[in-house]
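Some notes on the structure that comes next.
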């Protein structure tokens, strides 16, 4: 698992650009956080849906790839339950709902630092034959 | 429309952080672009789904707010059709599918610089009574 | 709660046409079942996605309306994890994820008679001011 | 194409149970209709979301299988734009957005007999190696 955690922490440039930190990866499960900064905000002075989505999508990717088989997102959806006004850290926890040879289904809950549920994300991944860590 | 375009260009900090430029806003319609940079990439060496989503979500927000009534995203979904390998500019075009007093439904097509369809996004917005530009 | 259960059991003609039985309604929660019959099958000899969706959507509606305020579906999504080959009963259990004055978010798990997860549904409802049971 | 149209018309028992008629199938495209009857209604006296979904899902399946390769739904979403009060016929038109070896993405527009857009559906299908018409 450490290998997967290191891989995502080092190679996911956009997650780094967004200040996202991968906290833990277990088989079919992952957790990450994003400390809210002024550059995460939108014009309505709340955290941008794109920032919340990116946190969720990255955590989903870590969970979907946690067993080393390369998995790519095909469909995702997210519902936003309440606006986040900054001055907090968001956490995302991804768990596997179902998996078969080619497809994996994941759910990600996004909470703030008061453990309030801010958003929920679903993602479907297509599992390729090759390994995540293998050179192309 | 210029007022809305200026508002989003100046006040959406996360879109700016991601290098997104709002190109045009018309009633119930908007277009934006994102020139792909190394910081948009994920661990699989393709453009991060979060970056593509942010481009789409921002364009959706501009279209949903184009008539001045404050509209907030409640649900969104996105399907990714093909990986984008960098060295390109992505474009998003948002159009309104339906609207009533409280809800607006939008669709966003994301294409690359060869006009290939890369992803498609759907978003539902809740329309508040107050104006986007009015002070809180 | 008995009033809500009776209302849905008597007045939802399409759920009846599909052989769906509402088992229980509690605040923000509902459970229903559908015994699979030959008329639920599709051309691939598995239970039709439309039948599974209808079971989930009906259970979602019962949960969303469980406190008497009229709530209408605006967006729903469903992921199908495995085909169902008949000779079973499907169960749907709907729970509330979040709610505010105008919007409610629900999740429905659909399982077969071996407690295997067959599909998962998400639904967002718009809450009107009037009561479900009140005459129009 | 006639072979595909006949296959779906004869073998989709749930679509028949719902009164759905497949009107036309072309490569990557299909159209169907459902004349609204009292048994399509829900407790709020509007056409049940499950009936509208079934019409859309069936049309999606016909389009996704239109070239003879067996395709199964993995994810679908639908947005409902306005309630339908009966005394009308609903039409669904499915078109392909993108396709690759294993996955196909479709969009379905649902309109009433006044050509008003009632709902929009998106579906993703997984394409198996075997043919739709081949014996298992």
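The letters A, B, C and D name the chains in turn, as written, and every chain counts its residues from 1.
Going forward, a residue touches a chain if its C-beta (ideal position, glycine included) is under 8 Å from a C-beta of that chain, and two chains touch if they have at least 3 such contacts.
Please read all numbers here as calculations on a predicted model, not as lab measurements.
Chemist: Would you mind naming the chains that touch chain B and likewise touch chain C?
Modeler: A, D
Chemist: Tell me which chain's centre, taken as the mean of its C-alpha atoms, is farthest from chain D.
Modeler: Looking at centroid distances, A is the chain farthest away.
Chemist: With chain centres defined as C-alpha means, what is the inter-centre distance between chain B and chain D in Å?
Modeler: Taking the average C-alpha coordinate of chain B and of chain D, the gap between them is 29 Å.
Chemist: What is the distance, in whole Å, between the centres of chain C and chain D, each centre taken as the mean of its C-alpha atoms?
Modeler: 20
Chemist: Quick one: which residues in chain A touch 2 or more of the other chains?
Modeler: 74-75, 77, 79, 124
Chemist: Which residues of chain C touch chain B in the complex?
Modeler: Those in contact with chain B are residues 74-75, 77, 102-103, 124, 126.
Chemist: Which stretch or stretches of chain D touch chain C in the complex?
Modeler: Interface residues on chain D, with respect to chain C: 7-8, 11-18, 38-45, 47-51, 53-55, 57-58, 61, 70, 72-80, 83, 132, 136.
Chemist: Spell out the residues on chain B that touch chain D in their complex, using ranges where they run on.
Modeler: Residues in contact with chain D: 77, 79, 81-82, 97-98, 100, 105, 107, 117, 120, 122, 124.
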